[in-house]
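Sending over a structure as structure tokens; questions will come in a sec.
Labels run A, B and C following the written order; every chain starts at residue 1.
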């Protein structure tokens, strides 16, 4: 077991980071914001922490705190114009945001290291800390789901005009969901930079955007299990197909198509729905906790 | 860990009688980007290494009865996979060293992992940052501060450039480093850098940049890009009406048959520095070129030659160890001296800073073929 | 220099348009984010390359590539999207299946080409330059401009004036209602995917030819560009997409010429962002055809 852990430790750690970024992505989608800005938030968080720690010798907790504040501030500012847009237009606006962030990181070379990026970042993260960060994130989202805020998010996703007619201040809730997404994205970006020794702009490009989105769509957009399941599949896939060497792209592709075709709500969500259906049949076992995490049974 | 060591030892002891006395199997891993964005470099390096592996075992370069076992692995130019694979190989006591990862952030992350697990890693890249990660990481190609002076001396002193325009790929870190070094050394020589244009690593439409440079004044253009992209940029510069008398310079990536295939008549007269003289220039290098063509069905390029040499350097270090261990391999890699390779000027050494030295050639394209540039 | 740069931008824009037309057919009309469009485009260039390498004349290779990529696109729809559409899950799930298709096609192309960058042999298309008003334009650039103009007009006619076009529009606004009226949705999807794929393949051949470079990842930068084009143009608006593509080509060309090539990406995307603030449905989009209606 220990030997397994040592051999796969980086895989486990990257899995945890992917789960964190997945939650950032999921929060936005859950509230009906088709955002792919998570890569941009994680870039800002990663660079803020990396620059503070390597250039100014800032203590790590302070650097992470600054990253969190930067993530929240930027996502708040971004949420204002995004509330005016819909669906695909939100996706493209956030795509533009990420592209601008990357272009600026490349341009302000003196400050960001340009294409070469920033290296010599101390590795202070390990499996324990990352696990703690993921657990805290899950707890926070779980708590939100139990309050009325969680239900409003679900209402916004399903039909925001109904929500508006019921007197819900849509814009504030959009902003709240987006700021949370920015916060989590930036913090996990910061944690990642404290794990990988060096960062460069391409780490946060189109591939990073697509990766977070894939984790959530594959795992599920509504339940807490979603990003965990999605990140797990994305972590295991490359290792599973390794014997195929240069042909493993084909197997990865086939598996992605098959999984989502047969489980279109995402593996995690489908699993939760299935469990819930089983539990419903025997109402006695339905605890208060499932009530709390209950999300859109009608979906 | 302890248990698995014990297990390996037991297995080895059980197998001993079956094997000839004194014969060792040295196991190394080639971990390159065989897919993903750096695959253009990684696959070529791995092919060079495959040929070297064959030669080492056929010719018994590791000493009587000793064999080289090579495992080839792909990190898909992905840092997660590189770090996972290095962790896994570090946990396998039979593996002595790793040739890879390929380049960029992945190489630096791999170097960090190598130091963390005390596993020798020889990355393909040329950035000294890999060396700064600790004593277990090495670079296979010479850093820009060693290679670019060959080019700058030629451009400023032989070709007499006074004003130079620069076009570079913005997102491939190795090329950016070469470009910066070129700008710096040219300015040190009093040459003016008129403009610096940046393009993306997967772009193919350079018409705007080409028009901008073709309509400006300069007596030298430096292009920092891969062979095919560089040829493409130069062809589009010519099509935009760049004065045919303006000399165009490049770096070692151009030493590839691809450069001629892509560029055709458009790249005639382009001058660049090269690790590899295509086709070879003496018995050793022409033999490599011939055998490479026979095995892989196409001409060897710069990265094939680099990979071939990298495996020979590894074999030399393996052979020099008194007792096989990762520590001994690390020490021997740091002492590499005058190993015969196909790249550069043919003799590979590592200095006290662990910088590799193998020399550079200045080549130019004449009548559709690479020749040594006239002095 | 100014005129030449505007001309460069127009030609680049026309090529973006060629790529974006097929993309907007699928993304705009069917609300499917087809991330495999770049790979289909790449496949077009590959097929034409290997056909000419077999000694076939270029025009025939072009035709072959166009038909083949149209067929590939229909197969992709059948394998990756049809099932999702039936279950009503297409909007998000299609992102994952199209990435799957993208991985498969890129992997095959990388194996076939040995990771090498390929290019059509010299003289595949006659190299000829025309000079006027101090500008240079090649025969190939002129051909591309003409071809894009023709294709846009033909497509606009097809969508707006023929019964097939009416069916496409009917299916895109309400699949169930149009089924009641006897419109076969699956036939419409088949045709749309064929046309989109054929356009992508054609674009791939022309881009591979004019920029002298064919490789397994060539679709990526164009895919990113296509998002921008399709949105600025207004989802599903063919004419809008063409105008937006050419506009973006020119802006890009002028930023490189007069500002900074290093900042051109930042400027383009900042402009995009600002455009969306003032025109939330794109420059040419109508409020009615936004893609947000199907959110669940």
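Quick note on the criterion: contacts are C-beta pairs under 8 Å (C-beta built on N, C-alpha and C of every residue); 3 or more make two chains touch, one makes a residue touch a chain.
Please read all numbers here as calculations on a predicted model, not as lab measurements.
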Leader among chain pairs (count of C-beta contacts): A-C
Most distant chain from chain C by Cα centroid: B
Centre-of-Cα separation between chain C and chain B, whole angstrom: 36
Distance from chain C to chain A - Cα centre to Cα centre, in angstrom: 30
Overlap residues in chain C, where contacts from two or more other chains coincide: 107, 110, 220, 262, 265
Where chain A touches two or more other chains, by residue: 106, 246, 248-249
For chain B, residues that touch 2 or more chains besides their own: 35, 170, 198
Residues on chain A engaged by chain C in the complex (per definition of touch): 29, 32, 34, 81, 84-93, 95-97, 99-100, 102-104, 106-107, 157-158, 206, 210, 213-214, 217-218, 221, 246-250, 252-257, 259-261, 264-265, 299
Touching residues (chain side chain A, partner chain B) in the complex: 2-3, 6-11, 14, 106, 114-117, 119-120, 123, 196-203, 235, 238-239, 242, 245-246, 248-249
Chain C-facing residues of chain B, complex: 35, 37, 39-40, 43-44, 170, 196-200, 202-209, 211-212, 215, 226-229, 231-232, 235-236, 239-241, 258, 261-262, 264-265, 298
Residues of chain C defined as touching chain B within the complex: 1, 4-5, 8-9, 11-12, 15, 107, 110, 114-117, 119, 122, 129, 136, 138, 207, 211-213, 215, 217-218, 220-221, 252-253, 256-257, 261-262, 265
Chain A contact footprint on chain B (complex, rising order): 1, 3-4, 34-35, 72-74, 76, 78-81, 83-84, 86-88, 91, 104-105, 108-109, 112-113, 116, 127, 129, 132-133, 170-173, 176-177, 198
